[in-house]
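Each in structure tokens, the structures are laid out below.
Below are two complexes that have chain A in common, paired first with chain B and then with chain C.
After this line comes the complex of A and B, so read on.
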């Protein structure tokens, strides 16, 4: 059966520490000034003393119907055997069509390699060795869960089946593979 | 701002800048020049090389090649542009554009050789090729006209294929760009015919171009109205993009340059007395105003379009 790698970000557990952001930068050699992954911390919301912040993971959503793959003129943006969207550096000419077309605006031009770049769940490094992506491993509160949603016994499959989750911008039809567990303080019971 | 999560500059939704607007302008202008000149030639059944057809034969290859230079040097790896010529993805509008341009560009050069065969007659190779092409003139013209439509519309399809930008992701955009490309092509033909080939501004050729002007500007205005009303009635993020018509520098560009200069000056010049309106000065001014308007429209659509995301 085909793999369907997904990531779950539990916004209740996230503390916005950016350990994932830094681990990603180290693991994937991401230059200064650009990022494959950020956690945007916004707030505070509410009235004293009941204040809360929101934590949003900003990274490639690994869309089922990906704009980047459709628009890329050379096939440099492609889906690999694991179903993960990644980039063939040798085919990229730097037209930036994918950067412009990305539904979630998370692709960028790497200033060192001069080709398009983004999160690919550490597919060429950690995933190949059977390890979890760097951000998942390093998260101090276990707010990130990664795995194959097509495997019913996996933790991600069980979370998606039992918890209230949401995905960003579903109205645009890209079918993102990053699921979010909304913070209870936002008023949604999960 | 110094965020804990890092630099935000990569998240600016405006990815493509003015070089791409200039490319979209030049590609539309090249295709428009060919279509207008060929349509006039067929309509009049001309058997000679009119100044308009000469102008188009010159403008079409030059404009598209300048546009290609813009495109290649806007790549982050300009010297790897050949990768785009050997790898194709048929779901990408850009790839389809590459195929269309690979056919269109050589044809514009072939047509230029054919049109200028007399001055090229003494050249050893070019003269021979030009004479040989003469027998294929009609099929060449039909193919060139068809590819002109494809190239003109492609510039709109290219940016309308991105559903994250509500102002760009509309069905009318390719049609709008095709029509405004025709208006730019007609203006460029008039300018080159008047200044380079010294046509009389009262000649039948120039008046033929004048007859194209009014319907084309009318259709352009209608398409813009359709674009904006579609956004308005769609609501949400699409309607928010209409703020670009009332706020910021792109509102000024739209109302002053696209509407005021691009539509206003050519239309107002038609209210002048016939003698004055067909004079060289007024014709050149109106043509320059049209070109400015079309260039401004490409900038407005590209920048305002990319500034608002769904």
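After this line comes the complex of A and C, so read on.
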């Protein structure tokens, strides 16, 4: 396993338009009422006229040290050959341990399949066909970049090396693989 | 082609619950009718979106027999192969159990919601009979025709012409019209903006990050991220575009014009304008400059709540970035009765900084005819306009009864004049209304008045996908195939160079629906106008469009979007150099490396007209760009303004399952101070009351709005029962907006005063 697939979300470029959310639902057959991926626009924070919104991607963080895998009693939650955490539907018994254990609260029970579900970077759909994840494909403003961070020539590796990025809740030690480029308040980072 | 199972598809689209709830409910719906198993293409088909009016080039394919995955067509560079939430959700409309797939005839009172399924033949026969009857009794001009602009309006308006009615209306006066009319008057042509190459952008509430126009939205982001462009936004609301701006000014609603005028004042008074450009290309500068003398930043500050210091500085920064700078002329031009002057004032600032046909400025589209003239050869194919010339009706249009609207009449008409004319009977009474894919009950103002008009007509026909709020009052509902189910003629998408694209069928037609071209052709033939419909299908028409060039047609259909040549802006030396290097036969550049000597304007003076004799002749005192004070609200009221959201389109998408799930309500934005004064907390039920009507909604208490203003996203709060997911959710803006038409531009004004209380 020498790949390290990561997603970079540039919060300067994100406009919260939900194109990613819709594309993800379509590609991965996500039922109503649950979501593998959302962008939450929150705020405004600050005082007029110095206000700002936050644009946050909410989805599986593909933790290097993943609680969902540790707690799964049947091996349904596992790391694929490409390093992406995915779910073996046949092995899932619906115990919801993974839902409870998820550091980022992004796992859910799929009301149609009755098994645990979450973002897997489209590994079994688009990646399998040699395409980019659905959200990256459609993002109107190119706010998402996806690729193998172990490949130094990849765009994601270069972004991580050269841009200020942060990851959510790193103090919990799960080592998430979703990187965020923070928005410069009141303007766009160059 | 693969076989699809409809049940699996509905399940896949997440609409199975709705299918059960609706089973057998609404006559003519997918749920009630059932449908044959579906067939669709598993390989990508390049086509054209229709979830909003931008009509982005898309690429769509059926995936695993369950869903249609829609993305942008990568061949269209400025669109980047991208698609927004609305575009990506198109398939959920396609298989929506509530969608109407069989012609319907009203059996109860208009708007009562009682329908009967009928055959197309019966629908055509009965509509044609009624139309003939009205024509004999009252004249053809007493039937009005309206349609959303785009592919539909051509088919509907051809029928109007054949029938003999001059009264055809598009969405123009309800949304974008003023910038079109203003451009026509000043430049003699429509203009485009080159946001992607701009280094300084002034924006008056053009919220491109929510009202997404893919190419322009991407251009704005490109300018900000790659060109480090500065973005200055004036908007009473903290919109997404405001949140991404370098500077945001919560300007007083409807007062933007004072800022635009003050920018012009500073550019002239401080000698910042491009004198050479003005001298060479502009007429009426003296009258204009004299008028601008009074519009100081100090004057504007008193009206707008933006400081004079900031306005003056912004004008200087704009001039410094010129010519690669732009004052954005907006999209939804419905803020104030002075829209015509506002949009002219904005154009004037662009003229003063000499950004016409310069990178990052404004420019005129280069269709094949113009482009080839510069290239000295046919480097881009021209499209033919095949067809039979239908004689123009001789009766006067209802909107030119008031002569000041003669400019708009030729562009899309004053839509809301249908209501005025119905009430006054001037210049003559109206008896019928035939419409396609238009929903004036959501996009026009004074809903109650529209309802009254629709109830009072002899014949109302609606062609739509759902029983829209307006279609609910029709006598006949003609179900159109969605854009994913139909082929259409080739469309021109030229920008800086010529480009064409085409809408193509992705899945086979569901139920008993037809494309608009076929519906209005068949109705026309039933009326006896077969001579005006020389082709049987769209493929014959497409072939005629490309002058029977099979290879070209094949290329356009395969690639979906084809552009020719290199981008050209006539006053951009580098682009002109690239152009002349590319085409050996090209016209030689001027001494300064530009095509500046070839720049002509189709105005009476042949120049850009900062003062217009044409307009002066229509309404005395309007030739020059003049500020007029307007009353948009009473002292004890709040301003009520609206805007677009990224996941919905005006009056069209609120019932589409996937989009309704994303957002089904429009909570009203209220400033904390304003809310507190009325004892309103976030999430509380509130009531808005205006001179036109009253609406109950939910409060969104937020600092992102001026204390004297409330805001709501438009298109929500439908009132007819058929749109189950959208009805009764949120406030209906059209029920709060009184009827008011802006002079010259004919715009339907969308700002008014409301009283706010806890419900």
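One rule holds for everything that comes next: the second predicted complex is superposed on the first by the 184 of 190 C-alpha atoms of A that agree within 3 Å, B and C clash if a C-alpha of one lies under 4 Å from a C-alpha of the other, contacts with A are read in each partner's own complex, and residues count from 1 in each chain.
Going forward, a residue touches a chain if its C-beta (ideal position, glycine included) is under 8 Å from a C-beta of that chain, and two chains touch if they have at least 3 such contacts.
Everything numeric in this text was worked out from a predicted model, so none of it was measured.
Asker: Considering only touches as defined above, state whether A:101 meets chain B (first), chain C (second), both or neither.
Answerer: A:101 contacts chain B only, not chain C.
Asker: A:92 in the overlay: touching chain B, chain C, both, or neither? Say first, second, both or neither.
Answerer: A:92 sits against chain B, while chain C stays out of touch.
Asker: First (chain B), second (chain C), both or neither: which does A:16 touch?
Answerer: both
Asker: Give one of first, second, both or neither to describe whether A:177 is in contact with chain B, with chain C, with both, or with none.
Answerer: In the superposition, A:177 contacts neither chain B nor chain C.
Asker: On the A-aligned overlay, A:138 touches which partner chain: chain B = first, chain C = second, or both, or neither?
Answerer: In the superposition, A:138 touches chain C alone.
Asker: Is A:52 touching the first partner chain B, the second partner chain C, both, or neither of them?
Answerer: A:52: touches chain C, not chain B.
Asker: For A:118, select first, second, both or neither according to whether it touches chain B, chain C, the two together, or no partner.
Answerer: A:118 contacts neither chain B nor chain C.
Asker: Between chain B (first) and chain C (second), which does A:39 come into contact with in this model arrangement: first, second, both, or neither?
Answerer: In the superposition, A:39 touches chain B alone.
Asker: Just which bits of chain A does chain B share with chain C as contact spots?
Answerer: In the superposed arrangement, which is not itself an observed complex, chain A uses residues 16, 18, 21, 32-33, 41 for both chain B and chain C.
Asker: Could you list, by residue number, the parts of chain C that touch chain A in their complex?
Answerer: Residues in contact with chain A: 11-12, 14, 17, 63, 66-72, 80-85, 87-89, 91, 209-210, 212, 214, 217-218, 221, 224-225, 228, 231, 238, 240, 243-246, 248-250, 646-647, 657-658, 661-662, 702-704.
Asker: In their complex, what parts of chain B are in touch with chain A?
Answerer: Per the touch definition, chain B meets chain A at residues 3-7, 9-11, 13, 15-16, 74-78, 80-81, 83-84, 87-89, 91-95, 98, 161-165, 306, 309-310.
Asker: Which residues of chain A touch chain B in the complex?
Answerer: Listed in rising order, the residues are 16, 18, 21, 32-35, 38-41, 58, 67, 69-76, 91-97, 99-103, 105, 108-109, 114-115, 169, 171-173.
Asker: Give the list of chain A residues in touch with chain C in this complex.
Answerer: Interface residues on the chain A side: 12-13, 15-19, 21-23, 25-27, 29-33, 41, 43-44, 46-49, 51-53, 112, 125, 134, 137-142, 186-188, 190.
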